[in-house]
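Chain lettering (A, B and C) follows the sequence in which the chains are written, and residue indices restart at 1 in each chain.
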Amino acid sequence: MSEVVMPRLSDTMEEGELATWLKNEGDTIAKGDILAEIETDKATMDLEAFESGVLEKHLVDAGSVVPIGTPVAIIGDGSGTTDAPKKKDPPKAQETPQAEEPPKAKEAPQVEEPPKSASRNQASGKLRMSPVARKIAKDHGIDPATITGSGPQGRVVRADVEAAISQQAASPTAPVSPSATAARPAGAMIPGSDEEIPVNRIRKVAAKRLTESQAVPHFFLTSVVDVEKLLAFRSDVNESLEAQGVRVSVNDLFVRAAAVTLRQHPEANSSWGDDSVIRRARVNIGIAVATDAGLLVPVVHDAETKGLGAIAQETVALAEKARDGKLSPDEMSGGTFSISNLGMFGIDQFTAVINPPEAAILAVGAASPVPVVRDGVLVEVPKLKITLTVDHRVMDGAVAANFLRDLVGVLEHPLRMLL
Amino acid sequence: MTELTYRQALNDTLRAEMARDENVYLIGEEIGVFEGSYKITAGLLKEFGPRRVVDTPIAEEGFTGVAIGSAMLGLRPVVEIMTINFSLIAIDQIVNHAAKIRSMFGGEVSVPLVIRTPGGGGQQLAATHSQNLEVWYAHIPGLKVVAPSSPADAKALLTAAIRDDDPVLFLENLGLYNLKGEVPDGEQVGEIGTAAIVKDGTDITVVSYSRGVVTAVEVANQLAGEGISVEVVDLRSLRPLDRDTVCDSVRKTSRAVIFEDDLLTYGIGAEISATIGEGAFDWLDAPVRRVAAAEVPLPYSKPLERAAMPDAAALTKVIRETLAASAFQGGQDV
Amino acid sequence: MADTRRPKATGKTAKQSSAPADVLRGYYTQMVLVREFELRASEMYARAKIGGYCHLNLGEEATVVGLMAALKPTDYLYTTYRDHGYALARGMEPGAVMAELFGKSTGVVGGYGGSMHMFDLERRTMGGYGIVGGQIPLATGAAFAINYRSAAGKNAEAVMCLMGDGTTNIGAFHESLNLAGLWKLPIVYVIVNNRLGMGTSVEHASAEPDLYKRGCAYRIPGERVDGDDPVAVRDAALAALEKARVDRQPMILETMSYRLKGHSVVDPARYRSKEDTEAAQENDPVPAFRTRLITSGALDDKAADAIHEAAEKTVDEAVKFADSSADPLPAEMFDRVYATPVANMPSAFPGDPVVVAS
């Protein structure tokens, strides 16, 4: 029998939050299994089992913060498990598949329901799923057991998970099957007169997403931002990054500013989860990119952990990949907030359509000189308008306004971006 | 650029390296007066004389060892072993000596040696003359093993091999000698130890080397017509092995098939498959498959030989099966 | 039956089989050093300071010293795994040789070769080889390189390739001799006949047990010499090397000696008859040469004892040096695999990932 303690998972970590238990009391544990997710001062980390046995007891509840070295669980030979299985324990029939890919209670509470497609897998007692499908599902917090596999013997493959990701937003609780997505709307084309232009997959996905967003009750907030300091800040930054060959764009500054502000306003970094609000642990900013093939929204993952230089490099790479059609599904999904910038097209102000399941999108217009009286002198100051589209189910007006005000504050005092 | 056969590219390279470095000499059976069993050394005896182009008796262990010993004293022998099957007679010298001498003697002496030898079946040469034994050598640290699939790589890698201070087994293939391709003019020194993407693709990766690459590219071109985008990785170097290029490709395509002329069990494909399992596990959408030779001593009869050897049809079939295993819907709409 | 009689000193060799007293004392000094070194190696093996295989030159000291005395510094030597004595006689530091046996970083090849693989490029000692006969094609190749690069002559380089009696039955021996005979290479193949290939006698192993005759199919002349007489061995080797240098005539020299002990330190040699063992001890070349030098007046007991003491001291110091030396570093072991740096060179220790997973 041995104690599992709160591990030291970062150089500065003193205590950690046991965010989620991934193994339940009574579960058989193999060395190397991930027992829980630990929220450190820096990131969410895995708590790995260093020995095999049976998880006899959770010593702390999910959500508890304890100092490093504190025992959080006991692994033994199973003889110490005296309690009857708690309500958290999955029914016996599900044990094996559940152990493969533990449910992410935090992000997707509905997965504790018996998966509707699980019976297929119960025959073999094991969930068939390709590694890449498993990875993408994990990255997106999708319970594999809810996905119908289209591969041999029902193997869940990459395409199935990708279909589920796009499905998740429209109807987060419904299990997804490829047949559900395969239905085509009948076109109303007049033969010989109208021209039918086949669309590519990108446009099909975009069309679907945009249609889904119509179901979102939304409202708009607009602010004017004085970007004089922001532009000067950008020049400074670019001067210092010149040697590295990195150029920070205005858009990169918006990504960074939004990420910093979202970290302070987790309520804006959330999704509507049918009858709950899902707070997203990561701040992943989508950037709308126009390509010849259509609109793409590559995502800068964990943007608040990245410096301006890193963001700039990533956005350049993502934009390039987007134009070359080489974005991976990973790079296009998982967003928690998006930015659409039409400033370069001379658009002063516009509203953007929410990219579900995100709760908000920021539309950025073009900067233009505005006359301002400063110290009794008329001067020109560059300003631009930003408009936030908000999912009302997730945020009310005042909450969204707070967020937008703080965002404007960061943009007007760009040194705050570095905090 | 000049269009050359693989054979001519080798011949030109040998000539150029012999002219460049007095220490480079050729040694092997029937390479001088007879001009080589496969005419790779044609004309070189006339041009360089018997001191530089050394015909040997039939004594693979003896002349391979002589080449190694002379390399220890600073010469740069290029050995021709008539086919890789006969290298088994010299294997003690190659594996126990050429590969070990540098390390075993504390790094004090090097063995700048090239062993050129063709492998492969398909010419009805029956069981003992149709083998692919390169994996035996690719297994051995201290050796480098390269296996070019094109005239241009043949030139670049042979040049690199001759100038390399280590023993290099340079694998040719009977089926490649007449292959034509564009070869850059002038000095070309290839990089040993690196693979190449010879055809870009997004749906599935085919990993191969030597003659297998030619077949893989043919199949890829065929399937492109159906909207299946096949990426072909040419290993080029079997030791060292460029694992990153293989894994990078699989991370992109999520599916992999290895195509090799060699026998399946314990083959190059097994190593590549393990590499993918370790380096790109999370990116796989289907099990990695191998297309390799049937595990029999290769029969003489043409129909039997055909049945035993991996070909374009087998590769195409396994590509389709691998795509189906991950419910591939076809890439035509992108 | 093989004619294993000791060859009589005949003709040319008779005239040369003596040397100035100081030279003879020098040979004796080297023989004693080899003897003391090998006895200590045996002890250190028992003390588990030395690992692996360990083959000793005990009983072959006269052959070792005589052969090495015939080589010029510009000549190349290829030897077998029974190579400690040759390393010492060729001038390698006893401490470095012992350190190699101990597997230390200060060994002649940094602890990478051990007992069977003494090597020193500067001294043109091109290695002890563990695969029986493996060195013969290599040595022939060295002779090929000499031939490729330089003309024959009195000061030309030559190669001496050592092998045991059992080696003359292996294919590499015959292939190499054929090539050397065909191409007229400057090499002397020395068959150190200690009458046993491990436990198999020459008569049980060779259809032509007069091993010096085995070159006849390749028109390579052979000679047999008393391996217990360092001067006779030296002279015969000098003559053979001269033929190789000047006439580019490969030669065979067969030296006759007894192995005092087993094949290696772990072999009690129970297969040997009592008579045979006694004969080996009777013919022990070290005391025999001492007696000879004392009889001829080249040495007295006191000087001989001093030589022994000096040798013991040298070996003591060699052991001390080896013992106090550092082990080679694992981190450096991949550096010696290739001379030319190469992309994607393997450098994984057991259990390391071979490729970065992502």
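Keep in mind that, in the parts below, a contact is a pair of C-beta atoms (placed from the backbone, for glycine too) under 8 Å apart; a residue touches a chain by one contact, two chains touch by 3 or more.
Here the structure is a predicted model, which means the values were calculated and not measured.
J.: Building nodes from the protein chains and edges from chain pairs that touch, which of line, ring, star, complete or other describes the result?
T.: Contact pattern: an open line, chains touching in sequence.
J.: Based on CA centres, what chain would you say lies at the far end from subunit C?
T.: A
J.: From the C-alpha centre of subunit A to that of subunit B, how far is it in Å?
T.: 46
J.: Between subunit B and subunit C, tell me the centre distance in angstrom, where each centre is the average of that chain's C-alpha atoms.
T.: 40
J.: Report, in whole Å, the distance between the mean C-alpha point of subunit A and the mean C-alpha point of subunit C.
T.: 73
J.: At least two partner chains per residue is the criterion; list those residues in subunit C.
T.: none
J.: Can you list the subunit B residues in contact with two or more other chains?
T.: 281-282
J.: Please output the residue numbers of subunit A that touch at least 2 other chains, ranges allowed.
T.: If we look for residues of subunit A contacting two or more partner chains, we find none.
J.: Inside the complex, what are the residues of subunit B that reach subunit C?
T.: Listed in rising order, the residues are 25, 51, 56-57, 59, 61-75, 92-93, 96-97, 101-110, 112, 141-142, 144, 164-166, 191-194, 237, 240-244, 247, 251, 275, 278-282.
J.: Sort out for me which residues of subunit C touch subunit B in the complex.
T.: Residue list for subunit C touching subunit B: 76, 78, 107-113, 117, 119-121, 126-127, 129, 131, 134, 136-146, 148-149, 171-172, 175-176, 178-179, 182, 335-340, 342-346, 353-358.
J.: In their complex, what parts of subunit B are in touch with subunit A?
T.: Those in contact with subunit A are residues 252, 254, 281-286, 324-329, 333-334.
J.: What part of subunit A is in contact with subunit B in the complex they form?
T.: Listed in rising order, the residues are 130-135, 149-152, 155, 157-160, 198, 200-202, 325, 328.
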